[in-house]
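These notes concern the structure reproduced below.
The first chain written gets the first letter, and so on, giving A, B, C and D; residue counts start at 1 in each chain.
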Amino acid sequence: MVNLKTKIGELILKNPIMPASGTFSEDLAEVLDLNKLGAHVTKTITEEKRCGNPSPRVCEVSGSMLNSIGIPSKGIEYFIDTVIPFYSQYNVPLIVSISAQTSDGFARICERVSVPGVDAIEVNISCPNIEEDGKAFAMRPSTTQSVMTKLRSATDLPLWAKLSPNTGETIEVAMAAEESGADALVVSNTMLSMAIDIHSRKPKLGNLMGGLSGPSLKPIALRMAYQCAKSVSIPIIGCGGISTVEDIIEYLIAGATAIQVGTATFINPNAMVTLLADLENFLQKQNIQNISDLIGSVRDEDATDDVVFMETAP
Amino acid sequence: MTIQQLPNIENASPATKNIYEVDTFVKSNTAITEEYRLLILEAPKTILNCQPGQFFHLQCPVTRSHQPYLRRPMSIYSYSQQDCELQFLFKVTGEGTQALSELKNGDTLNVLGPLGVGFSIEPEWENLLLLARGVGLATLAPLAQEANRLGKKLTAICSARSPNALMSIDYFKDMGADVITITDTEGTSTLDNMRHIIELKISQGAVDVMYTCGSNRMLKLLQEIGNLHSLPGEIALEQQMACGLGMCQCCVRSFNRCGVITQERVCREGPVFKIQEAMPW
Amino acid sequence: MVNLKTKIGELILKNPIMPASGTFSEDLAEVLDLNKLGAHVTKTITEEKRCGNPSPRVCEVSGSMLNSIGIPSKGIEYFIDTVIPFYSQYNVPLIVSISAQTSDGFARICERVSVPGVDAIEVNISCPNIEEDGKAFAMRPSTTQSVMTKLRSATDLPLWAKLSPNTGETIEVAMAAEESGADALVVSNTMLSMAIDIHSRKPKLGNLMGGLSGPSLKPIALRMAYQCAKSVSIPIIGCGGISTVEDIIEYLIAGATAIQVGTATFINPNAMVTLLADLENFLQKQNIQNISDLIGSVRDEDATDDVVFMETAP
Amino acid sequence: MTIQQLPNIENASPATKNIYEVDTFVKSNTAITEEYRLLILEAPKTILNCQPGQFFHLQCPVTRSHQPYLRRPMSIYSYSQQDCELQFLFKVTGEGTQALSELKNGDTLNVLGPLGVGFSIEPEWENLLLLARGVGLATLAPLAQEANRLGKKLTAICSARSPNALMSIDYFKDMGADVITITDTEGTSTLDNMRHIIELKISQGAVDVMYTCGSNRMLKLLQEIGNLHSLPGEIALEQQMACGLGMCQCCVRSFNRCGVITQERVCREGPVFKIQEAMPW
């Protein structure tokens, strides 16, 4: 038997496969056994009730998709009263994704969701910081640092910072998150993109722009996961375009300790369970006993530091 | 044929229990009009426990010329457990439906469903009126089948651009419906004429409930008439979908629930909604 | 007959279709009639001779590719003696792409290629700026400004600045380029990415990382083209993932005045000529007389300024 | 069948004139060994004016399970203008070749070529020796065909893992070659034994030139032997390709031209190079 256990800080996951925030909900319980997953990750919530973005909220692009769901939220009370108890029936760590438009707002919701039943908090810092110039917290090390520092003093739960591929400073942001107390990095969120209907000449998303997810995002997010693994010592959770077991292996080799599956679940609702079986098979066939043998095993010895840390296409 | 039986757990909402992801096989795929095709699939019995108005989420084929990525939602046009048959009536529009149109007999098509909440037929509703145009026919057809099974009386007003573009008339007739056809080219499909026809039927006592599909124009009309005569009604709505299962929240529409605007997921709380709650767009 | 003419500043192109730098060379003359193209754009050259990056220099990712060719260069003399005369046989504007690792180096090569036969200079600022911290000039408005200012005084030819999708400051960089005298923006270069061979555990590119091009890049580059068109008044040349006429129309509607075709030529060497015929057909069918009727015609009236200028996924 | 005739202009390098992008049709696609398949295509005569050692760039089919994006380079295994036939012998490795292996009779395959510079056979070379293993056989096969046409004498040393894995032996025999088979399982494919066999042939005066393909081991061996006996030789090399036409510079390898290291494009200056200039890797 192969050992699929993996550790994110103190948190032990029975396997490295979990859903990506916003692509998972209680509804999936009808399609698969939620007990099989390494962790449960909820859709980002905000303290206040919110509507989310105008329709259409999703469109297709070549081999992938864009979304501009926004963060519709029934508010924190509903979440605590209904969602947390739902997931408590399962013997699987619950990770709650939170967001806010100010550092103080972030700290407030963080404190409020630090309740029994929650095992870690994922911090979605890809949302606009309205105190500064409206750019997302995750765009700059300074804003990442300021929000993570406030969060660190607001909770004792593990904090996972979720990075954005839209920044030109991936490594600096990763290091800022680590320094200000993040216990892990989720790499990454979606990439700002656009599509236009050539007949109506309207943007295909009601919100004009949206986030690219799915296979097209993979090479970008994998590069970020690799860069982060090289520059920080907290665990990396790979996320972006994973749809096959080969994708998972690639992220693990790049240095990810666990991975999240997002869009693939929309194509095959059973994707995570299928991937779990495929992962076990793959390791068995390759005679790899522990997934930890794979993590960070990339053979990059020929590369110079310059290359590892480059932030532009060559 | 791999059937992936999916466990039903306590908290499942009643409407979407028994969701399956399964490979089906193409029995036939034929052009009905210039734009519409009928796809007949051989499907396992287990997945055919459907309600009229529900839909399946189809994984369209991939070729060098068509590479649809997301699944495509399609209303059930007809289903039969006895014949292990599932049918879709679809309009060839873009990438996904073009790919569907190239399916050949014997080809595999992966489907996810049945999904969503279908039409209801309350026991006290004896006279059903159905107003359909274009793709709406596909969605309303199984309602006629069900009405027939339940021994309800049915009036079907079928609208189209031209007499040639009318579809499924025989199907509705076979289901015992009183069929009224209206077309643009004949000038019979105007709002006024539709109103006239429906009012006439109502005055004849032939309408306890009204069903329709998709169009804004028809929604407004039936809301007005429904208000006037205190008649209930249901409408099947469309919205762009990703997951089809209620997870992604991309398919929401606004509804007016007693003055409160709420957002509901078309894939989950719908695709069928109360006419009086739906909001014209 | 539809009118395909388009203007980039003073330069009139007979049609809006040109190759992207690095995906075109004299060799293509054997496959298609180079006279049909709107412009010719050469592979980036440097003043000195260079080898380029280690092999493998290319790999495939889902529906797209990565490259790390680098900039192998036979040097400026060879270019002036051999390449410019080759393109002079055609009645098509010649655009020369240049690069250097310092602003002064940039100014030097710019001056040297400002010779008869050259109609505009494309400035590939996606290369590392070794005077600062090694980040590419195009990553920041300040470095973009400093190099473009030097270039502006080094030549009278039109200067096209080619932006990078790796920056978190697309709009600021675009505005800096415009302010310092760029005559047009090419949007955009490739996106820094990575792929790992799961069997050898080696990066699939000899250079570890490389640039994503092809269909996966399109929604990102289109978003940038749109953002740039909204924030500057110089022409935008769209580039990234164009392989069908619909892609071209989408870029034009977003605000591009012309477009470049890169990777698609690797799949179908005739792509540009096919696209030209398709474009003519499309316009005829849609009854559009001038492509200028399409340019910037996006119907984004519902969107707030906030959204147009956002730099993070929603 | 659309043939896109491409204009030859003055500056075209002689090797790659007459490049066509064209749809061909699958006549057969059969397994030769466990790993290798033979693909026979019906192709227009015009594109079959090939040189041994040249290659085509294939646009592999796209399906839901295999979605190769770039073209795949494949050496010409056999070509015949008379029969309008083009053949490839390929090893099933990844995405692209798996997709190729699913091609059925009558399917379309778009090919670009012929590309690159092939093998040369100088008039004064009467005795050809060819050392091949695996995929190398595919590349060297048309050389045997050409040698036969020119009435040259040919020795073919064919190497494989096991006797079962040997391919194309009959083909080489039909071309009048003296065939020597060596295998790993029989212990006959060692470097020492290869050297022994070749030295023997040389001592018999049966070698004016040596040809090989791909492998580093064989390259080093033939470089040594060639130096020792001042024998010329040619090697066909592989490298990852994107355009196949010389534009992208991704397929370069290093060569030693009289002490100067130069980078040459495998797709354009190659895939065939002088053995003494090639650099082991």
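One rule holds for everything that comes next: a contact is a pair of C-beta atoms (placed from the backbone, for glycine too) under 8 Å apart; a residue touches a chain by one contact, two chains touch by 3 or more.
What you see is a predicted model, and the numbers here were worked out from it, not measured in a lab.
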| item | value |
| --- | --- |
| Chains touching both chain C and chain D, listed by label | none |
| Gap in Å, rounded to a whole number, between the CA centres of chain D and chain A | 47 |
| Whole-Å gap between the CA centroids of chain A and chain C | 32 |
| Mean-CA-position distance for chain D and chain B (Å) | 57 |
| Multi-chain contact sites of chain B, meaning residues that touch two or more partners | 59, 67 |
| Per-residue overlap in chain A, given as positions that touch at least 2 other chains | 61-64, 69 |
| Arrangement of touching chains [line / ring / star / complete / other] | ring |
| Chain pairs in mutual contact under the definition given at the outset | A-B, A-C, B-D, C-D |
| Contact footprint of chain A on chain C as seen in their complex | 53-54, 61-64, 66, 68-70, 126-128, 134-136, 138-140, 164, 166-169, 189-196, 198, 200-203, 206-212, 215-220, 222-223, 226, 241, 246, 249-250, 253-254, 297-300, 302-303, 306-308, 310-314 |
| Partner chain D, residues of chain C touching it in the complex | 22-33, 43, 51-52, 55-65, 67, 69, 72, 86, 214, 263, 265-270 |
| List of chain B residues in touch with chain D within their complex | 59, 61-64, 67 |
| Sites on chain B touched by chain A in the complex | 4, 6-9, 11-12, 16-17, 19, 21, 59, 67-71, 95, 112, 239-253, 263, 268 |
